[in-house]
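Some structures to go through are shown next.
Two complexes are shown next, each including chain A; its partner changes from chain B in the first to chain C in the second.
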Partner chain A sequence: MDIIVCVKQSYDVQQIKFDPKTGEPMLAGAPRKMSDMDRRALEEALRIREKVGGVVKTVSIGTPDSRDVVKEIYAMGADEAYILTDLKLEKADPDVTARLLSEMIKKIGNYDLILSGAASTDGYSWQVPAKVAAHLNLPFLPNAISINVNDAVMVDCDLGDAIYDYKAPLPCMVSVSLEINEPRIPTLSAILKASRKPFTEFHIKDFEVDLSPELEVISTAMPKVARKNFIVDASDASKLDEVRKIVDELRKENVI
Partner chain B sequence: MERVLEYPKDPIVTFSKEEELWRNMVREFCQKYIEPKWIEVDIEAEKDPMNIPVDLIKKMGQQGLFCIPCSEEYGGQGGTYTMATIATEEIAYADPSVALAVYALLNNGWPYALELFGSDEICQEILPEVAKGDAFFGIASTEPQGGSDVAGIRTTATKKGDVYVFNGEKAYISGVGEVQKLAWGGGWFLIARTGEAGHKGLSAFALLARKNGELNDGWNPTLYEDIGRHGLTTGGFILDNFELESKYLIGEEGKGFYHVMEGFNLARIVVAAATVGAARWLLEKAVEWFRNRKLFGRNISSFQGVSFKFAELYARWEAARYFVYRASRLADKIYMEKDPSLSPKDLNVPVALAKNYGPETCVDLAEEVMKWYGAYAYTKEAPIFRAWLGPFSYVIGAEGAQNIMKVIIARDIIGKEFIR
Partner chain C sequence: MEMEEKFDAIIVGAGASGLGAAYSLAKSGFNVVVLERGQRIGAKNVYGGRIYSHVFEKEIPGFKEDAPVERWVTGERLTFLDDSSAATLELSSDFSSENSFITTLSKFNEWLGKKVEETGGLVISGIKVDDLIIEGSTVKGIVAGEERLFADVVIDAEGVNPILAKKAGLRGDWNPHEVAVGVKEVIKLPESVIEDRFNLNHGEGAANLFLGYASRYGFGGGFLYTAKDTISIGVVVRVDSAIANRISVYDIVEDFRLHPYISKLIKDGSPIEYSAHLVPEAGIHGVPKLYGNGILLTGDAAGFVLNRGFTVRGVDFAFLSGVIAAETIRKAHEEGDFSASTLSHYEQRLKESVVFRELENFRKVPNLLSNLRFFETYPKLLCEILKDAYTVGEDSKKIYPLLKNKMRDRVSMITLIRDIISVVRNL
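Then we have the complex of A and B:
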């Protein structure tokens, strides 16, 4: 079974600080990590390989500092990593990302199954896996919470209202949700071996891909939530009825 | 996970990409398995020291948190001493009672000392079991008459044919319960007298109280009730005609003092790292408290009596952290890179500075944080006291008394002949 996994080096959103004046995230030098759902996609690929054999390859795109993700990819146990980095990709939108990933996958060739996180930790658009499947003309099963593979792929998909069981012929594309598994944490020995393993770099010029975005980003500023400062004076026993106002206010806000 | 305290951006103590990734992986492991459990471990083992968190130790072994600097052929991770230091700091941050960090640091420092001086045969036998979390391997030097006077050790090891016969008593030894409870067993880097009085008559042994699940005759243990860092047992044992095959001699007969001193230097680096990790947790607890606790209508940190003390302790923490990583980098240069311009003695002062400074900073910080928290800190509901009592063991003297650290610094800087 040849499996290709799309893996993004995303920003660690829990550690990002925001500019207090503009509300925009301060991304220069912000900590990065492998996108949470992509990590689970890679874990799922490794588990499938452990069961049925095969090869696990990864494809990644991003800015040059995204190369660090390869160490973690190899430390987890992938066989081959392919990456395309360029400063021009700093603001790559889901469509550009999907176009490049699909071109890389075409170039690598030989795949039975393509896995990806359903959404990245930072961009969180939920669009890339479906777009990759469309570019590659593959069946697409979204938000998998379990995958079984033999001569076809059986997937439990969490589509919000219910869990749907789908079956698709191979090759196909599956995006995975956070619930699918608990990814392994690499040991030091695996990290040290990973750092010596070579990987393949692609360049934008290798592909005839239009890099013009389809998405116009107007703002990524943090929404301002003004506090209501609702004050109730219940400073002595005679004013205890005032407490009811708190309950009324919370009801009005649908909190209780 | 969001951190209250950003790890210092430091152009002097820098880490490679592999070290950063390793730190993140250890953090993830700790967040998942240690942070949710450490208080429960402390409470349960306080009730009975034999409530050892065996499953957690096994999991830590599977994650490769023991024998980090040991060779892969012995089941180790093939990492550096700095990588063991990073892991210890992070484990102590997740378990500031430091019980699990001390388990980890002992089972990194002393297995590595065994690999440095012991034979291939005993390393093959012992280290893979320690690495897996199925055996404990620590240090047994201290005796009832004291720990600092290593040259005055009284336990004897008399050679009879192909065995050494041990008689004597060891006290305040970590791991006495673990060697009985872990699947394989384990033992210690033990110092005993094989010759003349003084340090030249001492030899080092890999003394296994229990191996392959079988307890050896002549090893009579007792357990102590510690005031803190529950989850790691402390005890003593009497060796009553305990027989050990001579292959378990570490290095040469009569060189035990020198081997154990190098082992202490290595272990003290990670001891200090554990207190730096616990202190980072304490600093975060303080900052969280300052941002929420109001008195007289203001945050308590707006009183300079509080914030200045915090600033002083923060400075001490940064200095302690620097001492720790300088010492671990030096250890890497001496033992891993075999830098010909350095010798093991070059570690003496850097290690003594780290060991002297880290534990005291951590304990002083814990006391201040408890005062800032007020009466709440004096209840068992608040976890701060656990990070006070555990690291305090290292101020009292585990792995080398504080005054001995000062003796080492004064001796090596002023000169041996001028401090007598």
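Then we have the complex of A and C:
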């Protein structure tokens, strides 16, 4: 079984700071990590390989600072990693991403199954897997919470209203959700071995892909939380009544 | 189980000293691995302040062009604070001197980590080293979870909390008077606002230390460093002093930020980060045994931090101690012997280096700074005297009677003179 997994190096969303004035995320130099659902897609691929044998390859694209993801991919146990990085990809939207990924997959060739996370930890658009499947003209099974493979693929898909059992012929594309598995934590010796394993780099010029995004991002900002910001100067004894009022108010709302 | 790889050196901790050692060893072709407990390099670093650049420029080609320097320090300030006022000594110097810069240690170490990787060293984050492999009295490697890793020598660069160094019998726990706890806030402000407020040209930075109110008149002080578009402010209080005065360090950082002098400097800024860390404060007295069979101790774990009251210095010492450890290991490798007697070269070379020269030079400073008058009486006196001297009423007062009046019941003239002499002699 030849499996290709799409793996994104996301921003580590929990570590991102927001500019308190503008509400915009401060992304320059923000820490990165492998996208949570992609990590589970890779884990699932490794488990399938352990069961039925085969080869696990990964494809990744991103800006040059996302290259470290390869080390993690190898540390988890993938056989071959393919990556394309370019500064031009900073503004890549789901469409550009899917076009490039599918071209890379075509170039690698030979696959029975393509896996990816259903959405990335940072962009969270849920668009890319379906678009990749469309470009490659493959059947697409979204949001898998379990996958069984023999000569076809049987998948439990969580589509929100119910769990659907789907079956598709190979080759096909499956996107996985967070519930599908608990990914392994690489051992130190696996990390050490991974750190020197060579990987294949593609370049934008290898492909004839239109890099102009179809999406225009108008703004990215954190939600505003309105606070009452009511301050009483307690040094002034005449204001004590106001303090009592606030205490009563808070009691009424069961806050204290 | 697969064949265990043996390294030339395992380095515990990806801080300035561990990365300094790794960089230097990797550059000369040694097979080294740095193991870092944080999820990424810099994850555990707090320091956001001044770093002296000399040793980095010497060791890393192209340092000035490449390093994540935010501002070169041109403005030096020492401020005495009482509850509501401030008296500042300021030195505004020549930009071209470029001997110290302001950065975030977390970013700086991340950059050093990249340099190590570029030279062929391995840096692995998210690995907690639990123990040393000790056979007889010789350190042979490390234990991380279920796994064991072997090397000719282990460099213990684990930082201020020396768990492994204790296991290796090199040192004990810190005493409360030997360490301080520092709390830092990072305040975001536009670059141009920072430059205007601190009277800086583009790319220039200011370093400001505070005595008095910042540490609530206990052992310690406050700091303020201007980075590119952030200001780091915070308070460092010696642990014994925090305990004795029942100081909650978190509270006094708040108070420091709200002090009229500070709040003006950071007005309209937004806090974006908050963190805390321990700092070695014992100077030369805190330096433990630095080597054993198969092990060397570097950086904060070895106590290589110098606090002179108006300036602190540690990151460059840490890096240099790593470089000297690397040099020692090269020598030991040549001789094929990693026993304590060969590794003692490390201490010998350190003693000839700026690290020991400086710590030795300022040997008496930790004692001097154990004099509470520097933290309470003098900052208050200075603020009060200047306030009165500058207050013009019916008749202005002469300074000397003012001073005598203020000193009454607080400090005798003889003690004051003695203190001044000891400052001049020892700082």
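General remarks:
To be clear about the criterion, the second predicted complex is superposed on the first by the 227 of 256 C-alpha atoms of A that agree within 3 Å, B and C clash if a C-alpha of one lies under 4 Å from a C-alpha of the other, contacts with A are read in each partner's own complex, and residues count from 1 in each chain.
Everything below uses one rule, namely that a residue touches a chain if its C-beta (ideal position, glycine included) is under 8 Å from a C-beta of that chain, and two chains touch if they have at least 3 such contacts.
Quick caveat: nothing in here was measured; it's all calculated off a predicted structure.
Following the overlay on chain A, a clash is recorded for the pair chain B and chain C. By the touch criterion defined above, A:K8 lies against neither chain B nor chain C after alignment on the C-alpha atoms of chain A. Within the superposed three-chain model, A:H135 lies out of touch with both chain B and chain C [touch as defined at top]. In the superposition on chain A, A:R39 makes contact with neither chain B nor chain C. By the touch criterion defined above, A:K21 lies against chain C but remains apart from chain B after alignment on the C-alpha atoms of chain A.
Once the two complexes are overlaid on the shared chain, A:R49 sits clear of chain B and of chain C alike.
With both structures placed on the common chain, the touch criterion links A:L188 to chain B and to chain C. Of 91-99, 109-117, 235-243 or 379-387, the segment of chain B whose C-alpha atoms clash with chain C in the superposed model is 109-117.
Residues 33, 187-189, 191-192, 195 of chain A contact both chain B in one complex and chain C in the other. The touching residues of chain A, counted against chain B in their complex, run 14-15, 33, 68, 71-72, 75, 185-189, 191-192, 195. On chain A, the positions that touch chain C within their shared complex are 17, 19-21, 26, 29, 31, 33, 187-189, 191-192, 195. The part of chain C that touches chain A in the complex is made up of residues 2, 4-5, 33, 35, 39-40, 43, 107, 122, 124, 127, 144-147, 149, 188, 270-273. Residues 1-3, 17-18, 21-22, 24-25, 28-29, 32, 63-64, 68, 72, 77-79, 83, 87 of chain B are the ones touching chain A in the complex.
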